[in-house]
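We just call them A, B, C, D and E in the order they show up, numbering each chain from 1.
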């Protein structure tokens, strides 16, 4: 019951806000804040039950939605989706606070779309029915399109359309695959399908499995975004309002990776393992390519966007290493990236709110007029660079560790990304915050207001908490990952590295250099 | 006897048809069309379609062609001016036609079962009685529909050809 | 349970207080909190060490499991053994002195509380690094100190050069950390855990690898990490630039503690290195090369802090040489003695600069002997110690290393002796240029306050008597002493080299001041090469930084991102429109052409039916 | 009275084909609107002939009914067609088929 | 083989009778019109102008054959030929009498009988429009063009009521062939009323007959509807530009059309060769009496003549009439002559009506003429057809 409440309160909020008269901005904002806070608090209630049974889907509701074709409203939460849901419910009130006076025109629609977006996001992580999953997958698309399209900066239409078309092209393929599965399996229900795949009642030939895998993979790869399909992200981020960027970066991107872990791996283990090498190759190029291109971006938001391309490269590397450590690292990295990049976009948003420009060149020496903003930016930047005791380090360490266990060369090239991430972050930080401050800039810059403190504090605390006390979050994730890996065990035993084979890798590595 | 009749009227029909195509002036092509229709009426008689022969003469030759002749006379349309605007028609027109004819002939030769020849009395249901019976029982609906169609055509013609447009 | 965790957390608490409340507290309170926390930590170290007794084997304390995923488990564990004890004493001791000194030195600088907060934070990470019981916690300390050095170097963030230096330091360290993390992955892959105890236990009974095995690869990667942190040949470029930071920072971080972290780490994983002779040789060679290179550059520097920075790099080279030849205890001994006299040198230089209100260029100094006598006395002790003059600490530790090097490979000994000579020469060159001759500056120097001079005196005593703290003997259980013939001849040669260096310096800078310019004139090419630090920075920039930056802009961003992918996507749209315009031509408006199309269609249909067979 | 020679059925069909082809030729080649219209009528007549030939061959009266309906429809079509031609002539004052090409792309 | 001979003989006989009748119809018309207008009419060329038609024919043949300058020559010549040939065709379907026995051959007094005889007549009448239209257009003059258009429009619109009124008797007789039609009209109601279609049982076709006649006037461009050729307005309408022989062709075509239309009318409505009252009441003797009466009148006028030479001509006429009366009495000729007599009298009466109407009724204006056709004649004809069909459906078994 709690789960349905968490899912449908944002939708109710969306409808409620629509009925508010347009000029009562204060009332609209506060109601939006209250609703999102309520949902957040409620979502905290989910934790105890899921903690003690992470592999089982708890709070399950399974009721028929459409009779023919048999589409069921089947939602449930388990270890994998718990933290992602809480991340979304946490970030929505924060985005409401962030865009408190950032948004002037069409305030009502903005907050309504925000709540609709939350509804879509939570829905994606809870859906256990393939069709329902697809519906929520698309529901998030619409408000995001409007957020970018209406409240974005100058090139917003192009960016919004590009975002929409990219994701739609991918998801349409997935829909085709879902329908094919329905024809073969007779149902959309994911657990049943999985069971049928397991006990051989629904035997997919290798080519079938390959094409279905590719369809699902392509949909999620566009969303992740994986290397060649990423060009929509910098545009979308560059043009989106702060709230849009935060939600897009921290949650919408995770829908791609979540989909990979939840659907791609367990349903098509054979095809996933066969295609792992070239996907990992793409992920690694994504890491290095993202970092390098981020380095030379003049626009702050585009820089952070490319950085998330690089960070999510780690996640995909972790997922397709088929190794407990790597998978835990990947899922944990999804959460870390959500928090740290969300915070980064928020702070960039505050800079934009003050100076109304995203170009790094327009800033310089902000540390003198706004030391606390600089300090918070410092902490967030260090977190996203992967400083130990802060959150990203744990994720990256586990991913690289897992990848090294599978194939050491992967770890070597991926680790290069760690160096490059330091380069572009520090260079950006230095150009914005260090150096002499120009008079004109000093007048614009004022330090963090209480509202802004209220948004940044929880994220910084979370960064440190996730960096040090990982055991509060990790056991739930690693338990559900263990189950997923169990499902991906195909008869062909994946060539887990025995030490002797490692020396061959070493030789191969050496002659590589 | 039939063969002779057939040959006569077939050649008349073909000649008139060629004349229709070749003639520059529409009135002459109109008259040659009437010639075709008359010869066809006779051919219908040969094939046993008495009622149809009469209707052909009355409806086609008697009514429709009168309309044509009327329009030609009213508009006093002169002979055609030669203007080869549409490249497509001039280039592909004739060869396509030849191909079409060859194809149809081939189909007829190959497709048709070798039945006995046509002789005058071979088919007797062509009488008005037979046609009337079938028309008003089996084909009543089409009959009604065509009648409505004609009504529409009349109204349409009147509206279109009105003076003040 | 000796609550080892208290040692690092006290400075952390101090740093938090200063960070959050620093602005509102008066300067006295801020320095009080900072110095107090380090003092407390130092006292707690003494209490713990006394409590632990002889420390024959390591005392490990495990607090909470940090990362636990599947079989792999890493806990936040701290450990103390003899090696850690030595390092603890050095870090907290020297740290305390430097905190006291800097409270005076930074008295009239704005951002006072921020400086002390960073300093305490550095102490916290350094203590974590030293106390770590597994590689991951060590890595935490490792990166933490890198961060603090970045913050402290970039303290004067208004100056662009400071910001750049800080960034450079952090990134170069990062490259080192890249090597270190790869080593960690390999360790986990081979041993399954990162805990020192378990790793070394498994490593003991593994065979010594002839060629390049996994262990050698681990050691090489660890070495890469160490070079990053301890500024060895490939990655030393950040240390000279680190002089942008305030002098106490250079003293604490870039002389005494952080740079030695690399040495400590190599020493800590000695069991691994013993199994990988190839890696040992690599360490030795890198150490030697760095020593020689840094020494030569040091000869031609005019900035007083730059001279001492290059001397640090050179001395670190010595330590790596010691580690490379297997004399781990000698290496650590040199770390301790070096900490004493190098800190003293830097602090002395600090007070000189303090006296001359920020003047760092030696050519504008001279004849300060009379003006700041105490500083001169203390610096002189440090100079004598570093030059390897017999009774003092430098002589003991350096000779130990040279003897071990000779035992290992004679040519190493001779190169070491030559560099010892050069070290003596450039140190005394600095001393003579600043304190002897006539004053060439236009400030009127005044003696530093006692709060600065106190620590100088203590350090002077330590650097003089340091040699007699028998570190190697103390570390005997950890590192078996290499028994070798103790030929006295070698010792005399090294002392002679040192004295020759001093004499030569005396000759050139006191006796005939014109000589250095003459020599520089004659070897014009060599001199400019050396003066410009062999253009290493420029080479790095040209080879790596610029190509990466411009390459990624033109090739990757513009080329691939917009060029290939975006054009392909937009291309699809455009091509659809073109196809449309081609078909448009068919609608020519002429009825006869439509007629022909109709006929064409019917011909095709008839053909299809007739040839492809109708229904029959 | 059984005649001496009977005409094979295919002759009728070939005749209808020839007439149809000539109709198409007129439709394609001629430039005067009315002549084009007439050639369409010719095509319809050709079709009627084949209808009746087949009804003769199949001994069913349906062929006749079909051609009867064809005639009726042709009548309706002619009426409306000619009305259109009149209006076209009124506006364009020329029946040249190529002058009426405003429906160009 | 003898089939061909018989048909040829019949064709020649019918052609001769028709052409001479047409010629003398011209004469009759001018005489009757004259007497209606109280003048003598042609009396100079032969007794009472009897040779007048011959004279006209000769005149027309010898007249100069003019062709207007840029008339469309081929069509200009085609038009009169078309008009004459079409009017001649429909005569061959019309039966003049029942089956008779002559010189040993049993044959019908009819050239041929088609099961769709009525349809053929209708078809040919609809084709006759072309003659007029072409003539009007080809002679390339304003008057003839307008005349041609008007008359063809008139003929087309009156063809409709004609066709529908024809349909009613067909319903009653349930056949399309003329002979069966006439046979269906044999017999008498209550002994004396002949079962002619105008008195047929379920729906007497009197109205049908009247509409048919009116439409017939219009079809043949006769008086009330002869506006297109009216001399005062359009100077002889479509055949203004025609001279000599071509003009004669149009003229004969017109009169042959009148003859055929009257024959069709008698066949359809007046029971063809069926006698007025049943044979047992002496219907056979009526022709004898009529001829004798005519002879008496001629003789009387011959005795006290209005003009001196009538003294000579009229008794000759009386003698001719008396001879004819005698002919009727010859027993083996009787079955041939009596039906012919009845058929001839009815047709002659109708022709007289045509002429009579020409002499008395004024001319319609063109728009009245067209409106009359579409708004009055056509609906009434439809009504008549509906009524007959309804009654036939009801009364049939």
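We adopt the following convention: a contact is a pair of C-beta atoms (placed from the backbone, for glycine too) under 8 Å apart; a residue touches a chain by one contact, two chains touch by 3 or more.
Values in this document were obtained by computation on a predicted structure and should not be read as measured data.
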Checklist outcome for this item: What survives as touching clusters without chain C is A | B, D, E
Checklist outcome for this item: Set B-D beside B-E; more C-beta pairs touch across B-D
Checklist entry - Of all the other chains, whose mean CA position lies farthest from chain D? => result C
Item to check | Central chain of the complex, centres being mean CA coordinates | outcome: A
Item to check | Reference chain A; chain at largest CA-centroid distance | outcome: E
Item to check | Interchain centroid distance [CA atoms averaged], chain C/chain D, Å | outcome: 99
Checklist entry - When the C-alpha atoms of chain A and chain E are each averaged to a single point, how far apart are the two points in Å? => result 103
Item to check | Chain centre separation in whole Å, for chain E relative to chain C (CA means) | outcome: 134
Checklist entry - With chain centres defined as C-alpha means, what is the inter-centre distance between chain A and chain C in Å? => result 36
Next on the checklist: If I count partner chains per residue in chain B, which residues reach a count of at least 2?
Outcome noted: 51, 63, 74, 85-86, 89, 93, 96-97, 100, 104
Checklist outcome for this item: Multi-partner residues in chain E (2 or more other chains touched) are none
Checklist entry - Where do chains touch, given as pairs? => result A-C, B-C, B-D, B-E, C-D
Item to check | Complex interface listing, chain C residues touching chain A | outcome: 64-72, 136, 139-140, 143-144, 147, 150, 154, 157-158, 160, 162-164, 166-167, 170-171, 174-175, 177-178, 181-182, 184-186, 188-190, 212-214, 217, 548-549, 551-553, 556-557, 560-562, 565-566, 569
Item to check | chain E - residues contacting chain B, complex | outcome: 72, 74-75, 78, 114-116, 119-120, 122-124, 126-127, 129-130, 133-134, 136-137, 145, 148-149, 152-153, 156, 159, 176
Checklist entry - Once bound in the complex, which stretches of chain D touch chain C? => result 24, 27-29, 31, 36, 97-98, 100-105
Checklist entry - So in the complex, which bits of chain C are touching chain B? => result 588, 590-593, 595-597, 599-600, 602-603, 606-607, 609-610, 614
Item to check | Footprint of chain E on chain B - complex, ascending | outcome: 27-28, 31, 34, 50-51, 54, 57-58, 61-63, 65-66, 69-70, 73-74, 127-128
